[in-house]
Structures are given as C-alpha cells and as structure tokens.
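Two complexes, one shared chain (chain A), two partners (chain B, chain C).
Right after this comes the complex of A and B.
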C-alpha cells in the first residue's frame, strides 16, 4: 500500500536520531515503505536519498533528529520552545521500532485508562483506575489539546519518591506527532515535556522517536532515558498485539468510553484531514 | 552491597534481578546506557568488563561478568537452602550446567533476533537467529512435556526450580519481540506460567505477571 495522503507526504518526518547516525555515519531508513539512505556530511548536515531513484530529498536537522519530506514541504517542522530552555535536559530516549500503525501509538500515548494495568506500580495502580472527566478542544491552529487530566501515579517520574496526583496536558500537533506536559513535583508552575515523533515505516509498522525535556533540578540524564525506556517497553507488546493493527476511523468500529474523549476527537480529526495511511478509513 | 551494572531491557540483567528477588538479596543498580548510548562499549566500561557486555556485578570487590556465571556465584553464596544451585548433587549439577549452556544458545539466537527487531542491530542475520531459536524451543518444549508427564515442574528434576530455569526464562518470554512465536510450544508456555508464580517473581518491561492460578478442581488432567 502506497501513501497517497498529501497531508503526510508534504510534511516533515523524523527518520534518524542524530546521535545514532553519528555512531555509524550512515544508515538506512524506511518511510511510507520507501527505502532511504541517510549520510552524515563532513559539515555535520545530513543527506537523505531515495534509494530506488537516487533523488535527494529535502531534509533538515532539528532537535537532534534528521527530518525528511518525501513530497513538497507545505509547512515547517513544529516549534517546541521547551527544547530551547536552558534549565531543561533535552535528550532522546532512543528510537524503537513497533509492529503497529503509528496512529495506534499516538492513541495509546493519549490514553490514561491503561496506566494501572500496563504500567502497574509506576504510572498507575489498582484501585486508582478511574479516568476523571477532562477537557478536549481543537485549537485555532488545528491542534488537539486535552487539559485537566488528573491521575494518581505511584512513581510518576524518574526520581519520584512516593505516589502523587499528576496533571497532564496532551497535545496532538500532526497525525504522527504527539506530546504531553506533565507535573514536575519541584515546580508547581512548570511541567516536564515529552514528545513522540513517529516515523510511519509502513501502514502497520513504525519507529517511535522521542524527545524528553525534563527540568534539570533534581534530575539526571541517565535516569530520564531509563524511565522512558522502562515505560515504553511496557507499552510495546500491548501495541503489537492490538488488532486490527491499523487505527479504525469509522466511529462504529470500536466502542469508546468517556475516558476516550481525546481519542474520539483524534480519529475524527484524522478523518477530516483525509489521513488514511496507518488507518482503516471510515466506510 | 552488591552492585549490578544493569540495563532495564536486558534479559541477561533480568536473570540476576530475578534470582536476587527470589533470594531476597539486596543490591543496587548502576544503570548503563546500553541503547542508544552504547556505553557498554565505552573505554570506561571496558575497564570493568573487557568484553563490553552486561551484566556485571561487583560484590564487595569481587567483579564478575557473564549472567550464567553470576547466577552460579549468587546462588552458591546466598541461597542457604542449596536448592537453586544444588552443589552437593553431582547428577543434578551436571544437568543444571547443561541447561545453563543451553540458555547461552537461546541468548545467541532469540536474544539476537530481538536486538535486530527492537534495537536496530541490523547486521544480524535475523532469519538464521529465528530458525535457531525455534530448534532450541522445540527441544526444550519436548523436554518439558516429558518432565510434566513424570510429574516434574522444572527443567531439572526435583521439587524446586534451579538457576537453569532462571537462565532460560527471560529470552523465551521476550521471544515475540524478535518475531519468534511460542504458539507451537505449549509445554514451554505452561512452564512460563509456573515460573511466573514462583514467590518473589518480578517483571521487567515486556514481561507481564501471570493471571491468578486456576484452583485445583479446575485443573486439566488432574
């Protein structure tokens, strides 16, 4: 299945973590089932070629990742002010292939209901299973924002000591880019920030890249990476065993509950933008 | 206190976390950024283990590498019951050693396939690794089937698991991350469930606890 979604083809997608590329100086990647060759030039920039045709694709390095556009870029890479704040660590937690649609990964990331069952003892635990009502909106910039998301978490962060009630804010920027802002116990007015840049390898395969922007106070880089991998590796087998592997966009395909409010809007938003790659389109 | 040079997603490190949890031995983890940092290949870490591999333990100055060797050491030193590594039973000891070597072969195949699929070890011949893992799983499945027929729950004879069970468990339970299904190995699947019910069992990311055990009345073939 080839990707025909203009909104995806004309957008920027991460295809490599710069740190990984520096270790090897060249690597291959796959985007929309097309093979790419990525080379690190001597001046530190990257060159991305379409393997079959040899065509050089538009690429940029930003946030420590190589971004590429296989079509004609119609907009810029998203702006993330948190990545430029000096009092934050900005680290990649490592890129992980997942045998599932990247849209499924976005939806799982937006879901609080699974915390006590998949991240038991870390991001949730029984009997604190209820997802309290939260707010969801579509912004004038065409992003999805979910706010007032509260959840009790036994170990909410790499350096947490004891359970706390955590506040989340979720944000979907693009079909394959999603982030969250999360309570930092040391700062009542600021939040830690995590974003997933998902590389659609195929309709049922993706690579999940991520950038973690944690406030430095009381934190250290190895623990940030450890925690991200601990949590993500708990999600991975669940994602890979979810069926169907593509995200169904028909409202009747799967039965949502109140806690899925943000996922319902996400699916509708994907329908409205005619995103079908990685999805089962509505009938 | 024992220091474990540890990586969360490493099945070989998990072997040691399991045994220390079963034995109630306290330890502290020194996190090594295996992926994506590749710190186990750094000059600093090679001073601790010239092979550049995890896990390593430092127990009061005694530095040991190799998961199976460390299992032997920890069980010999900290298991008062002598059941996890039965030093005084030559027959059993021979069998434990045999299955420890088998566990190493599982690492070379099932774990390698997982590294290929999950952590971008693209130079690995994943087809050969998967085929090799299936050969080993077939052998173990048959062994466990006949063990069950003889009333035995564990890889080696006796009423208690040994470090051979611990050594084999992680890369079997994680095999699907390397594209190796356990669908065709029912005796292995039952053994995995029994293993998960050993008191002190602990999970790692990618491993889930067993559901509640069936009560005696509803057990098949009772």
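Right after this comes the complex of A and C.
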C-alpha cells in the first residue's frame, strides 16, 4: 500500500530529531513506506533524498527537527509560539517507534479515560475514573479543539507533589500532529505544552517525535524527558495491542462513549478530509 | 466469511493452559480468541478485542468473575460477555447491547474445544476416557499438509495409523497404547498439533511420556516445515470483525420496547431466607441469561396477571442464574402472596430482561449502604460487587430481629463491613443513621433502599449532614404519594413532530402508547425510573419518587407513568 492522500503527501512531516542527526551527521528514515537518506550539511542545513530515485525532497529544520515533504508543500509547518518563549525549556523526549497506525497514537493522546488504567499512580488512579463532560469544536482554521477537560491526577507532572485536579486543552492541527496544554501548578494563568509530531512510516507503523515546552520554574530538562518516556512506555504496549492496527473510520467499527467526543470528531474530520493512510475508511 | 471449516470443533487449548485468573490467547482460522476460566469453572472463548477501542482482551485482567480491559477498565461478565461497567461514566448503566462476541466452546478430555460457528457433537472419543494431554506443537505449515503427515507419526514398535471421520489420526502401537492427534488450524500457514494418549499418567511417568512424544513430534514438525518451505506460502486468512450494534453509534442508549416478558426462566430453588422472605433461583430454559449490573431489577409476570419488580441479589460473575428475594406483604395486592404460595420449584416464569435504573458508581473511595428490611436486595448485589473489586464500603442493615436477616451467607463473605441493626425504634434508627452518615466527603456516596418512611428519614439525615444531592442514591419499592391525574394538557413530541392531548384520568405513558409510540416501562407507579423521558420545555408536576430533588428542580426529565404537566403544554424529547 502506498499513500495517495494529497493532504498528507503535500504536508510537512518530521523525519529526524536534529540532536540525534548531529551525532551521526547522516541517517536513514522511512516515510509513507519510502526510504529516505538524511544528511546534515556543513552549514547546518539538512538534505533529504529519496533513496530509490536520488531526488532531493523539500526539507526544513524547525523546532529542532528535520521536516520533509514528499509532494509539493501546500502549507507551512505549524506555528508554535510556546517554542519561542524564553521561560520555557523546549526539549525532545525522544523518538519512539510504534507498531501501530499514527492515527491510533493521536487518538490515544486525546483520551483521558485511560489515565487511571494505563498511567496508574501518575496521570490517574482508580477509583477516580470519571471523565466529566467537556467542550469540543472545529475551529475556522480547521483544527479540532477540546477544552474544559478536567481530570484528577496523582502525579501530574515531572515535579508534582500530591494529587491535583488538572485542566487540559487538546488541539489537533493536522492528521498526524496533536498537542495538549496542561495546568502548571506554579502558574495559574499559563500552561505546559506538549506536541506530538508523528511520522507515518507505514499505514501500521510510525515514529512518535515530540516537543515538550515546560515552564522552567521548578523544572529541569532530564526530568521532563524522563517523565515523557515513562508515560509513553506505558502507552506503547496498549497501542501495539489494538486490533486492527489501523484506525477504523466506520462509526460502527468500535463503541464510542460520551468521553470519546473528541475522538468521534477526529475520526469524522479524517473522513471528511479523505485521510485513508493509517485508517480503514468507512464503507 | 463462514465456511464449512468454521462449523467444525477444534481443540484450541489444553485445560492446563487456563490456570486460575489467567487469560490465554488462542487463534483459529485467522481469528484471535481470549480464553479464560472464571472461578466457577466456566470457560469463556471470546473475540480477542474490547468493543470500545479494540485492545486485545488477552492482555486484560481476569478477576475470577469478570474480564477487565487494560485500556479503560471496561468490565465484561463471565458467561454472557456483556459489559457491566464503563468507568469513564460511573453513574451510567452500560447499554445492554454492549456485548462481546462469544464462540461455542466445550472442555472435554483435557482440551478446550471451540469453533467460530461450531455446532453438533464433538468427535467421538471412544477409548479416550482416561488421557494424558501431550504438549501442543506449533507448526509453520498449512493444516492440510500437517494432517497428511500425522499418519506417519511413529512413537513405538509396530505403529499403525488410521484417519477418523473428523480428520484426526489415531496411531496405535502394536499391542500398546494409542495416540490421537488433532490439528488446530491457527491461520493459513500456521497450525498446532494437539495430541491425547489414551492412558492417564502422573509424576515421573508423565514427564517421561511428555518428553518422548515432544521429541518425536518436534521431529515430525521439522519434516513438515521442510516440506512446507518448498511450497508457496498462502496468504494469511482474512477475518471480518462484526460491527457493533447500530444503537451504540449515537451516544445515548436507545430506549427498549414496552413492558415485555421476553425471557422464560425456571424456578430451580425456592427457600425461606429469613422470616417472611423467600428467595428464588431462576435459570434460563435455554441459552444464557442477559447480562445484569448491580442494582438491576427484573419484572416478574405472575400467573394472576400481576407484574412485579424484584431486584437481583447476584454477585458479579454469577451469570448462570438470577436470584431474587420476595417478602410476603401483609397488605399485598396479590403479588407477593402469589409468589410465596403459588410458585413452586420447577415452575416456569415469564420475566423481563434486567434493567438498571439504580446504577452503582465504582469511583467512590468509600460507599455507605443503608438497607431497611427487604430493601436489602439491590444493595446486596452492589456490596458484593465492591467487595469483589476490593473497594471500600460499609453496609448497614436495619431489621426487626435477627430472624429477619435475609441472605446471611452472602453477608458472611463481607466480614466486618456489615453491621446488622436489630429491632431499633424509629428514634434509635434516626440516631444510628446520624452517626453512620456523619462524614460526607469527596468521592463518598450513600445508597439507600427500604420502606418509604425510613427512606425519607435517611435522605433527610444525609442531606442535613451535608451529603450532596449527587452523592445520595435511593430506590423506592413503591410510590405511596397521593397522585393527581385530573389535569388535562398537551404534549409536543419534538423528534416525532406530533402533538397529543393527555386527558384527565390518563397518563402520558397511556397516551404515548395509544399513539403507537413504544416507551419502555416497568413499575408504572413512578418508582423505578424506566419510563423516564427528557423534557425540552414546560413545567412539570412531578409525582414520582425516582428523581432526586435537584433533578426535579432542573425539570429536564419526567416519569411519564405518573407525572404530568403543571403548564398547558410539555415538549418532550422523543
């Protein structure tokens, strides 16, 4: 299977973490089942070639990652103001390969209901399992936003002490890019920010790159990385045990509940944008 | 796709693959199964995915009564595979149509047998009454190839082999034992050889037998795989995953039809469980009983035409029967007497499927149960659930005397959590309740069921002590309030675009039914909550005892069996 979704082919995708690339100055990657060679030039820019044809693909370095477009770029890389704020650490938690569709990863990221069961003792704990009603909307910019998402968390952040009621805001920018804004106990009016840049390696394989923008106060970079890796290591075995591996868009393929409101909209949005790569389109 | 192959029985596991509380992953004809044994011994063979998000149930948790998904904690009942609890929405009873796919299964001769649509008899196993189950040997080869080669299995001098009608092979040593070999077709190029030796064995002798056959079967495996390697590898089998029920797509659960007695059950036990209280054990005449949740009740249709509601007292996983407790009411209108005097062991009764309008939240750190007399029944089922899950609770059971304590045995399992209060006066009861309910708090809930006056008093005491309206849960047996049906008003049905008139002397429910609108109902006196309907506009004259004061004040729903409009018109969300 190859990708025919114009919306994905003409978009930018992360294929390498710049820090990692700097250590080796060249590495290979796979995107939409196509092999790519990535070279770091002396001037600090990157060159991405299609391995089979040798064609040089449009690429950019932004937010500490190498971005590539296998088609003709139809829009810019997303704007993330948080990445430029001086009082934040901006770090990568590591690039995680996952044997599942990247769309499944997005949906898992948007889900609060699994906290007590998958992230037991950290992002949730039984018996506090209720997902209270929250707001979901499609913005004029064609993004999905979920707000007023509250959940009780025993250890909500790398440096949390004691349980707190956390507020989340979720945002889906592109089919394979999703972020969250999360309560920072030290700053009532500001939020920590986490974004996933998911590299669709194949329809049932992906690499999850991430950028973590935490407010510096009381925080340090190793703990931010450690926390992300702890949490993602708990998600990975669940993601890899979902059947089917691709995300089904037929409303009757799986059983949604009220807590899945944002996932329901995400699946519908993918269907409306004719995203089929990593999905099982509705019949 | 269902073919002839899917209607056969195949061995898919050894009995020893299902030790206590384990979940075993099996595969047959391309389809994965989650196989687990409940504490009552029943073997469940289910589709290996949670209906919610498709996570394999073989990585779930078998608590002996239910299987819990690792992802969101959804619980599925032993035997019925019905979903009993969705933790993200603790106040809701899961829709009855959320039920996993079960596959026919039997456990015989040390093997677990299954088939996607298997029916009929298992292969004739004459001569294999006493067996040793050999270690299963996986083979990367198609079933046909494996089956052909089984005939060449030699485990002793002078072996002869013959193929049986079911495709298995019996290999007999000269004057010695026989081995019967079956093939489990996991996928197009993956099979498992499962064998039985026709003699029981144990200890060192068993180990020697298993080693001997394992070594020889491994040799056979190498030969078969060598042959398979020279052939073209077939494409993996494609299985279809059935779609979920249509009513689950739109999030609100669909209402069920009318007051129906869709089940036939047999009374298999009838016994006095306390003074004036009889317990009945009801078993299905055929097929499994529908899944119940703690707090659920059934309608029992009696021979004299009366319909009565009784709560199930079952604990989690007790899915092969329903148990109800019935008190002989001195002022009975004929329901309880008909059961006490007219129903005998062996009788067949018509009942409805369980409905749950009194759901149990399991997100409380502490739950207080207050039961008065026969009001113990729904709370017993709830307490057994929390007890099984290890969630904190205390159970206060108010009775006239020790002789009135029903279901003693079930209470025995709960130890110190249970306090029986015997023979208290109303004043003493009040004092006790004030003490019991003195500490409301976050994630603390109270459930009350009992006679009307006690229930009223307990609700008031809880409210006075500071328990939030949402934390006080109650169920009345009956509605004893005076009801007025003299008014006449109009109802607009928003979704069906109809306007109907409810005249004096008729209920909204009556009028809806006359207009051909199917509305579910049960008690029809404003106590059980089954006929609840959303109200979009209009003032309501609430005459039920189901809704909480807060719900009544909000005016968003109405019990159509007793409540009416306080204005000229109601707009209903149907």
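As a convention for this text, the second predicted complex is superposed on the first by the 283 of 283 C-alpha atoms of A that agree within 3 Å, B and C clash if a C-alpha of one lies under 4 Å from a C-alpha of the other, contacts with A are read in each partner's own complex, and residues count from 1 in each chain.
Quick note on the criterion: a contact is a pair of C-beta atoms (placed from the backbone, for glycine too) under 8 Å apart; a residue touches a chain by one contact, two chains touch by 3 or more.
Since we're looking at a predicted model, the values are computed, not measured.
Asks: On the A-aligned overlay, A:17 touches which partner chain: chain B = first, chain C = second, or both, or neither?
Replies: In the superposition, A:17 touches chain B alone.
Asks: Which holds for A:186: it touches chain B only (first), chain C only (second), both, or neither?
Replies: neither
Asks: Does the superposition put A:274 against chain B (first), chain C (second), both, or neither?
Replies: Neither chain B nor chain C is touched by A:274.
Asks: Of the two partners chain B and chain C, which one touches more residues belonging to chain A?
Replies: Here the partner covering more residues of chain A is C.
Asks: Touching A:250 in the superposition: chain B (first), chain C (second), both, neither?
Replies: Touch partner of A:250: chain C, not chain B.
Asks: Pick one for A:96: touches chain B only (first), chain C only (second), both, or neither.
Replies: Once the two structures are laid over each other on A, A:96 reaches chain B alone.
Asks: Report for A:237: first if it touches chain B alone, second if chain C alone, otherwise both or neither.
Replies: The answer is both, since A:237 touches chain B and chain C.
Asks: Should A:56 be classified as contacting the first partner (chain B), the second (chain C), both, or neither?
Replies: neither
Asks: Following superposition on chain A, which residues of chain A contact chain B and also contact chain C?
Replies: Of chain A, residues 237 contact chain B in one complex and chain C in the other.
Asks: Going by the contact rule at the top, pick out the chain B residues touching chain A in the complex.
Replies: Going by the criterion above, the answer is residues 8-9, 31, 33, 35-38, 117-120, 122, 176-177, 205-206, 208.
Asks: Can you name the residues of chain A that touch chain C in the complex?
Replies: Touch residues, chain A against chain C: 107, 113-114, 116-118, 126-131, 237-238, 241-244, 248, 250-259.
Asks: Hey, which residues of chain A end up touching chain B in the complex?
Replies: 17, 19-20, 23, 28, 92, 94-97, 222-223, 225-226, 229-234, 236-237, 240
Asks: Where on chain C does chain A make contact in their complex?
Replies: 32, 48-49, 51-56, 59, 69-73, 86-91, 98, 241, 243-246, 248-249, 251, 362-365, 391, 443
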